[in-house]
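These notes open a run of structures that come right after.
In the two assemblies presented below, subunit A is common to both, partnered first by subunit B and then by subunit C.
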Partner chain A sequence: MKDLNNKDNRKLYLIFRIVASILMVCLAASLIICMLDMPGLFSSEHPGENIVAERYIESGIEETGAVNFVAGMILDYRAFDTFGESNVLFAATICVMVLLLVQKPLPRKYRRKKTPDAIEGSDSDSSKLPECKEYYEELREEHEIEPKRIKNDVILKTVAKFAVPFILIFGLYVILNGHLSPGGGFSGGAIVGSGFILASVSFGFDKMERFLNKRSAGIITFVSLMVYCLAKSYSFFTGANHLESGIPLGTPGNILSSGLILILNICVGLVVACTMYSFFSLMRRGKI
Partner chain B sequence: MLEQIYNHFNDIVAAILFVIGFSNLLFQKNLIKKIIGINIMDVSIYLLLASQGYISGRIAPILTDGSENAVTYINPIPSGLVLTGIVVSVSVTALMLSMTVRLYRKYKTLDLDEILMKVRREKEESEK
Partner chain C sequence: MDFVMNFPFFSIMLCMFAALATFMLGRKAAGIVAKAAISITLIMSVVLTAWLHMSGESFVYMMGHFPAPWGNEIRAGELEGIMAVFTCIIALLSMTTGKTSIRTQVDDTKQNLFYLITCLMEASLLALIYTNDIFTGYVFIEINTIAGCGLIMIKNTGRAIASAVRYMVVSLVGSGLFLIGTTLLYSITGHLLMENIFDSVSELFSDGSHIVTLTIITALMTVGLSIKSGLFPFHLWIPDAYAVSIAPSSAMLSGMVSKGYIFLLIKLIYRVIGFEVFKETGVFDLIFIAGVAAMIMGSVSAIRSEHLRRMTAYSSVSQIGYIFMGIGIANDAGMVAAIFHIITHGLTKSLLFMSASSFTGKKEDIRIRDIKGMGHKHPVSSAAFTAAALSIVGFPLFAGFIAKMLLANASFGEGYKMYIAICAIAISTILNVIYFFRCIINLYAFGGFEDKDRENSIAGGDTAKEEAEFLPTRYERIVHGVSVSVLAVLNLYIGVAPKLLTSILTKGLNVFN
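This part shows the complex of A and B:
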């Protein structure tokens, strides 16, 4: 790092720091002055408090049947917005897979002998292909292969045995009650996903892989996105002027009410849970 | 003046948090700390939106006591916007972290200056 200790570079770095601090102070001052011009905190004279919010609340129950006005807003009036958000999550999963699922290719002369097991690259496979032993050892040094056995942590396992079922049930409750109480697909999906992560950390990655791996998580995400898309995109064929579904709205307050919102909440929850888990399972390989 | 500041307390805290996150982006060399700075900026935006949506004396937008009057409930739109923001920030954070993992695998360091110097050295070697 000779270049960093160079005198000219040090001077430049000092100038950068001074200019940046002045810029930050100016930014803080201008932001605070702008904030002081806004309508006061918690006041009802806000420009956002207009006919749109009034409409969402006053005719929300008749039109969507959801007791939770926010759920009715994001999954009925603004359903395409939520569909876009779910697609953003799906696209992020794909990008992370493209970036992190890359492995060094096998040495060329062994590539033809490559068996499906050899791609996994565990201990038994390197004994099957003794020629590739060096290659696998090199990979292990770089921690690119995930550890097959994790430490036998008694406290973590015992706590997880009690906690995981409750976490999963609470997540399912938040998803299914999304139109009745605070919560919905996004928060419930995050809870279910963190339950999966806790289970896979404490009981072992390979046990969790049998239940949910990257492939099945991708399929579940795709199917839920397709269900969402088909459930909402029919409005394009009816002139895109109304978003009513054929499902009766039912009595507001019942669990089986509010038409499509329950189904869409389940779809969004599945997408978020699978995304959270696959982020974790992709990131746990490698080290920093 | 003091009363005005007291009236805009949440907004000013959000502005200061935003500046803290932005200066993390500028002053930190470590890539992970830069990502933490971006997350602090996201949190300041959520705070600003949520405090703009709240109106004193009103309750969360969930039907209670059968009242369908808009004066009873707070504005539901900022809540929906915060939801969008959280989803986008999660995706962007995951993307940035995975890029950091790739950079670390190649250059074995998280310091941005060292990575840039190694890139420059590689370029010079390839030109030779």
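This part shows the complex of A and C:
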């Protein structure tokens, strides 16, 4: 950062701001011109109302088996885009892990042949290296902003005890009914994830860690993305080679219908829920 | 339908699967899986390109059970094939050469994440190259941006994170502009598939309606993509990002990531907006001017910088200027020259970063005057560095010479652009010579070089042992040497026998629209 008290730099900064404002005004003006030029959104001459939208609406149900057109569109017609989208989430999780996962190297004097896994593996090695354990304790205190035990949050705990099950069930409902009603994997997963976050805030991370830790979150993300990839690869491959996919579509409106969409919704929901929770956990204390 | 036609789809999916697998593996296994996946992708891409070159056609591949305007599809022609081959080569060699940097500069538990990000990056780049749908392009641009951030900040130092943040902010502005352009284009054409947009745009253009909107859309998308690839006025994220991150990351970022966006821009010109319409909007002139400015200004900044990797990064700015100038010439020959330079510059610049990594060692960067005498200590890396430098300068027998010659040839008969282009190439070449020969002379100079490592090892003690941890092992040295030699030989091969590559590019461009 340059020193702003310097007169020259301040002048430069001013010029920079003026140029930036002019650019912004130009951009805004050009976008407004575009808006004025554009055909009306609900007019019948809108170019969006073409063969593409027509087929989605008219034969969407019989071709995909999903009553919810949007689910049919994003998970069957344009599945490759959604496949990319779920990988965006995966990439984001990985990048947050790269950035926030706390993994300090041991100080040189504690270093042996093998570096013990910094925090998790401390218990097994602690007997051999007592000074190592102290160091890990320091690390823990340094990075865990969260107090070890939440003592007086009776109200939060009581409310959460009632609310969390309902939030989770509602999230599962949204995921499982993604092909029948508005919602689906992305929104339902966000609801489930926020339920996990509420639980971890009110009952503490230690209790959450019993079933959602780095290992299990990793396995859930891995398995669901793998299933997603395999299912979509199968359907892309058969589609492109003009083979029958052999997946029954079922009766539209039933819970077990619409072919792969239900499975994909579940996979996406699990990935989103784990992603939400791990973002929170990583930002709160540097590990999942 | 031939089985070969499945290869683009296989290669995208294979890289995705490899990315997922490395998530659950340890660092060694992750490295093996990632390298194996990208090698197989490389083989498939080579076979695909050879097959397309024989048949001289292109094909579209349906992703799913629904044909194109409803479902997604990907397209493969010779241009796509050769781009895929070249990205695979760079990704693979960056991983093999970067072994030492990954081992010493990345935390133990995060090393598999490096391979994961590399696979994800390769998959998204392949999808970006093969896409035939503008929205699919946008989705994979997003993955590319996020993975690029990951590549920079995997080093986990303060400066790396700061430059990753800067990269992300600038890059997101670029994606935002591209997204705005996409939505506007959808509102006036009603399509997302490239062919359909092309038809409706040419119809709109011949009707004379929405001309202003079309111009604005073209400008927005072009500016967005050129921000992401680091064209001159938007290049300020480049030096930090390339100079601070670990060597394989900078090799990949400079070699293939920024090039993917330029390829998408070329696809946009030919397959979405249409070459004639694009020419009418006047955006070509804008690109041309920015390219020429980048060629000069990038080189000037490179001369002014004192550090080796920072200088190389600034040289990237000037080379990207060459590519954009080739596009801005606005004829087919210029486009062939630009794609040729995408490939040569990708190979050369990644070679520079890879070989510079053995001079810098565990340090982030090294002053140019401190590399004095390194040529005798690291003979293979120095030879590779010299080859790459000569190639960038445009020395005959190297690939860069052919690229510059094609660019100059393409500008003939283009009026005022010819004079500007040839003057800019001449000036920029002289500036390139100034800063690269300074490095080469320093590399092979005698005297002034102190072997600090040896002094330490003689002095003995703990520091020497700890230093030894950061030095490459014998195996890593051999792999590094072989990889940089492969790249240097490839560079020389393209320089000596450019016929094959140019014929592939020319034929590919003919079937592009």
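We adopt the following convention: the second predicted complex is superposed on the first by the 234 of 288 C-alpha atoms of A that agree within 3 Å, B and C clash if a C-alpha of one lies under 4 Å from a C-alpha of the other, contacts with A are read in each partner's own complex, and residues count from 1 in each chain.
Convention: contacts are C-beta pairs under 8 Å (C-beta built on N, C-alpha and C of every residue); 3 or more make two chains touch, one makes a residue touch a chain.
The structure displayed is predicted, hence computed values, not measured ones.
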item: First, second, both or neither for A:L225, with subunit B first and subunit C second; value: second
item: Subunit B versus subunit C as contact partner of A:R17, first or second or both or neither; value: first
item: First (subunit B), second (subunit C), both or neither touched by A:M38; value: both
item: Partner chain in contact with A:V154 - subunit B first, subunit C second, else both or neither; value: neither
item: Contacts of A:D81 with subunit B and subunit C, given as first, second, both or neither; value: both
item: Touching partner for A:E49 - first (subunit B), second (subunit C), both, neither; value: both
item: Partner chain(s) touched by A:C95 [first = subunit B, second = subunit C, both, neither]; value: both
item: Residues of subunit A that lie at the interface with subunit B and also at the interface with subunit C; value: 31, 38, 46, 48-49, 52, 56, 78, 81, 85, 88, 91-92, 95, 99
item: Subunit A - residues contacting subunit C, complex; value: 30-31, 33-34, 37-39, 46-52, 55-56, 63, 76-81, 84-85, 87-88, 90-92, 94-95, 97-99, 101, 103, 105, 108, 115, 117-118, 218-219, 221-222, 225-226, 229, 233, 235-242, 245
item: Sites on subunit C touched by subunit A in the complex; value: 1, 5-6, 9, 13, 16-17, 19-20, 23-24, 61-66, 69-72, 74, 107-110, 113, 116-117, 120, 123-124, 127, 133, 135-136, 139-140, 142-143, 146-147, 149-150, 153-154, 156, 161, 180, 184, 186-191, 200, 210, 212-213, 216-217, 219-220, 462, 466
item: Subunit A contact footprint on subunit B (complex, rising order); value: 4-5, 7-12, 14-16, 18-19, 22-23, 26-27, 32, 51-56, 60-63, 68-70, 73, 75-80, 83-84, 86-88, 90-92, 94-95, 97-102, 104-105, 110, 113-114, 117
item: Subunit B-facing residues of subunit A, complex; value: 1, 3-4, 17, 20-21, 23-24, 27-28, 31-32, 35-36, 38, 40-44, 46, 48-49, 52-54, 56-58, 61, 67-70, 73-74, 78, 81, 85, 88-89, 91-93, 95-96, 99-100, 142, 144, 181-182, 186, 252-253, 279, 282-283, 286, 288
